[in-house]
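The letters A, B and C name the chains in turn, as written, and every chain counts its residues from 1.
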Amino acid sequence: MPRVRISGTGARRFTGGLTEFDVEADTVRRMILELDRRFPGIGKQIDESMAVAIDGQIFQDAYQARLAPDSEVYLIPKIGGG
Amino acid sequence: MPKHHVTTTINGEPVEYLCEPQQTMLDVLRDELGLTGSKEGCSSGDCGACTIIVDGNIVCSCLMLGAEANGRSITTIEGVADGERLHPVQQKFLEHAALQCGFCTPGLIVAAKALLDENKNPTEEETRYWLAGNLCRCTGYDKIIRAVLDAAAVMRGEAR
Amino acid sequence: MAADGGFKVVGTRPIRPDGVDKVTGRANFGADMTMPGMIWGKVKRSPHAHARIVSIKSDKAAALPGVKAVVTAADFPHIASEEAFMGEGPMNFRDLSHNCMARGKVLYEGHAVAAVAATTQAIADHALDLIEVEYEVLPHVIDVEAAMADGAPLLHDDLFTAGVDPKPTQPSNVAKKITFAKGNAAEGFKEAEVVIERRYSTKPVHQAYIEPHACVVAVAADGQVTIWSSSQGQFMVRAYCAKLLGIDIADIRAIPSEIGGGFGGKTLVYLEPLALALSKKSGRPVKMVMSREEVFRATGPAAGSVIEVKLGAKKDGRIVAADLVLKYQAGAFPGSPVGPGCMCGFAMYDIPNVNIVGYDVVSNRPKVAAYRAPGAPNSSFGVESCLDELARELKIDPLRLREINAAKDGTKAAHGPTFVNIGYLQTVEAAKNHPHYKIPLGPNQGRGVASGFWFNIGGESSAACHINEDGTATIVEGNPDIGGSRAGMAMMAAEVLGIPYERVRPVVGDTASIGFTFLTGGSRVTFATGMAVTQAAQKVVEQLKARAAMIWDISPEAVEWKDGKAFPAGSNAGSFEPLSLADIALKSGRTGGPISAEVSINAQGAGPGFATHICDVEIDRETGHVKILRYTAVQDVGRAIHPSYVEGQIQGGVTQGIGWALNEEYIYDKDGRLENPGFLDYRVPVASDLPMIDAIMVEVPNPRHPFGARGVGEVPIVPPMAAVANAIADAIGARMRDLPMSPPRVLEALDGDEPPRMAAE
């Protein structure tokens, strides 16, 4: 199952400082639901302030993005622009 | 205070209007005469977006009072093209992609036209210094200068 | 379609469809609109950098003949604190509301406290003078480190530093602390043979778009709202006004005017909510236009910052450890782009051990807004300057140092993800091989290089492709055209449809005329909206093939589309004369109805951009003036849909970076009032300051875009500040670490201890 890592500090207050988890999920949506189940409140934080990098590709607001069992997954702060 | 009655010539046409003493020429063009091509960027004469030609000289219309137009001959961006025929400066701005947002473009075109009316073969440096009073934040001026120099060549009959 | 080029339209340089209107002055920008019955709105602004609002008395103003409405915070609903990723950066709707109209406290000079609408501008101005505001002036703080210090005046007594464990009990001006780590920096530094540690700083700068904010808003008697405004996104304007005024989104129609520059500064609202409230109260359309002074005093600039960099390397040039501390000013409310700043600083490099800490700090200045690659120019100024100092220490060519440490496909970024499909090394190689790099330098001249990175985003876009009865096409999309994007949209549609570019007309629709579209910014339009346009055109092509099949009475699978015509696919489909788009369009009613498709997507896979720049300067030792002699900007652009507009983005970004490096800054007096709110003393680059800017486009196509495009608009502003600083160091032998490097400061540096450098190695 994919290993999910959290970069940055925004989500740490939900996880008690933990930054790496194995998450049984094959889509970003399922990953968020599973993480929120373990760390209540983190789901909203991810939805609103984080992007998901899957194997180097950055997804923002993309519940349907797929995770493979060996995907490298990072949650990073959301990115805007000017 | 009573308004001023002004009689002037704009883009070759006789024009009459009433204006407040404190109204700038830019205010008059935009708010009284419906000539919104000249733009307000700073109202302190520093950006050149309001550039017009008054009796042959380029002027920031925000630094001129509407009342001062009396008896003068004024050219605005709306008078640069000849009906459907674009002035070479306008045509070259399009070909060289010398505009991005287009806000500084009217002032720049009027200033460039005035340059080429006076100097048929400006150097790059002369062109840059002539246009130094027209701020552009989008283009970095590169394509603008190329467009003006190319327009000059067209007007000299050396290019098309 | 061919991903390796071979396009008919994409890659050429046609004239933009909105071009003639823009060169003749006919295009309508924010302040060019009038509506019948329109009155004028003006804003009363705080003269103090920090003060409690004791009372506001507006009855005299309201009584002035010609005044139709006065509004204050009392006319705006209370909004609960709600974190959101808004526009192009993090903010909070409550903060946005308080930024548009102060509630309880004013937090910067220029902060709006009231607004009036009157029949003439002169009456409105007079009315402002009649509004009496009583303030209790409070101590203020502006500088980022001063705001972080113990005992600094606090802006918000409910702001506790996030990201700190245990959660603080005392409020602070530090809104957030953010950290990133890779490997073990402390251990890594032990392995280093050379360590360089330096501190850099930047002053706040403004996006300085030439067009001030402007809008006309009309609220009808039944509460339906029409907004005409200059913004980077009409859907953003609609959404924010709905939220701030408590109105249903469907009751607002936001129409985008042409926009005279934004660069991130128009990704939020300032005037529209005020004009809406005034229009509602007065029953008249209200026009509001900011003066240049108001733009400087009251709209969001880029953060001032302190950047502390520590690099540890082996003598052969490999960087084994890096440390970065960023302190960014957020202005009056939290939300500086310190996060992206942290992530971009080392993004170009493959460094095994990294530690990054960022602080988001409030201070008594206008709330920071996005400015082209927000956060990255600041951190790259520090990192790229420090790399140059390291290169000199190691006696390694600065481009060679970057080559040695370059991130490539498979490199793990400091913020975690592994890079895939990137073109950084190609930009370094192209710079190294460019003739510029070999031009000999004369006395008082110097050369500097620097690199840059930006993420680029995708996001939500909608686009429609309609085939007209004569075979021409209309494309409707929702992005204000800041830099020539309409042309790109028409080109991509023309390529797919196979018809000439001149027969495709792009239109930027308002919020009622096209599906939801995220704003113009983040270097996203050619990527995301281009993707939507392409998909809509592709759907239309499927329909065209089906219609041809019906006309010929064959199966749709047996039809091919090529060069704007339907062909039978192979001889057993039948021998029919090809049908042009115009032929099929003529029969569209009989074959099923209008031929049209609308696509709404949330585009992912934008792909990052990288750049490497070379800058040559010449210093006048008497005046401290820095002349830019030559500038070459190499950037990986994916595929240039319209090369002229891609070059334009590069040249424009470079120029803003040069201004940021050399002259631009906010100058405050001891009371926290801005002393230079105008273009005379806020000095942006002018035509005579610059040479031609050589924009070199490296094309490493982005496989996730139908034509290979990457975002290009933001990356170019990231390298210039360090490129110029490195060039100055090369020229005069003195390193300047604080921006801007204006003439008085260059003279100070020249008077310093380091000996002048000999010309041309």
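To be clear about the criterion, a contact is a pair of C-beta atoms (placed from the backbone, for glycine too) under 8 Å apart; a residue touches a chain by one contact, two chains touch by 3 or more.
Small disclaimer: the values here were computed from a predicted structure and weren't measured.
Touch-path distance (fewest steps) from chain A to chain B is 2.
Between the chain pairs B-C and A-C, more C-beta pairs are in contact across B-C. Look at where the CA atoms of chain A average out and do the same for chain B: the two points lie 54 Å apart.
Chain geometry summary: the mean Cα position of chain B and that of chain C are 29 Å apart.
Rounded to a whole number, the gap between the C-alpha centres of chain A and chain C is 26 angstrom. Counting partner chains per residue, chain B has no residue touching two or more of them. For chain C, the set of residues touching two or more other chains reads 207, 263.
For chain B in complex with chain C, the residues that touch the partner chain are 20, 22, 30, 35-44, 46-47, 49, 76-78, 80-81, 86, 90, 93-97, 99-106, 109, 124-125, 127-129, 131-146.
Within the complex formed with chain A, the residues of chain C that make contact are 83-85, 87-90, 162-163, 165, 167, 176-180, 207, 263-265, 267, 337, 339-340, 342-343, 369-374, 415-420, 454-460, 521-524, 602, 604-606, 704, 711, 714. Chain C contributes residues 13, 15-16, 18-20, 22-29, 31-32, 122, 207-212, 258-263, 289, 291-292, 482-484, 642, 644-645, 647-649, 651-652, 654-656, 678-680, 684-690, 692-693 to its touches with chain B in the complex. Across the complex, chain C is touched by residues 5, 7-10, 12-13, 17, 48-49, 53, 55-62, 65, 72, 74, 76-82 of chain A.
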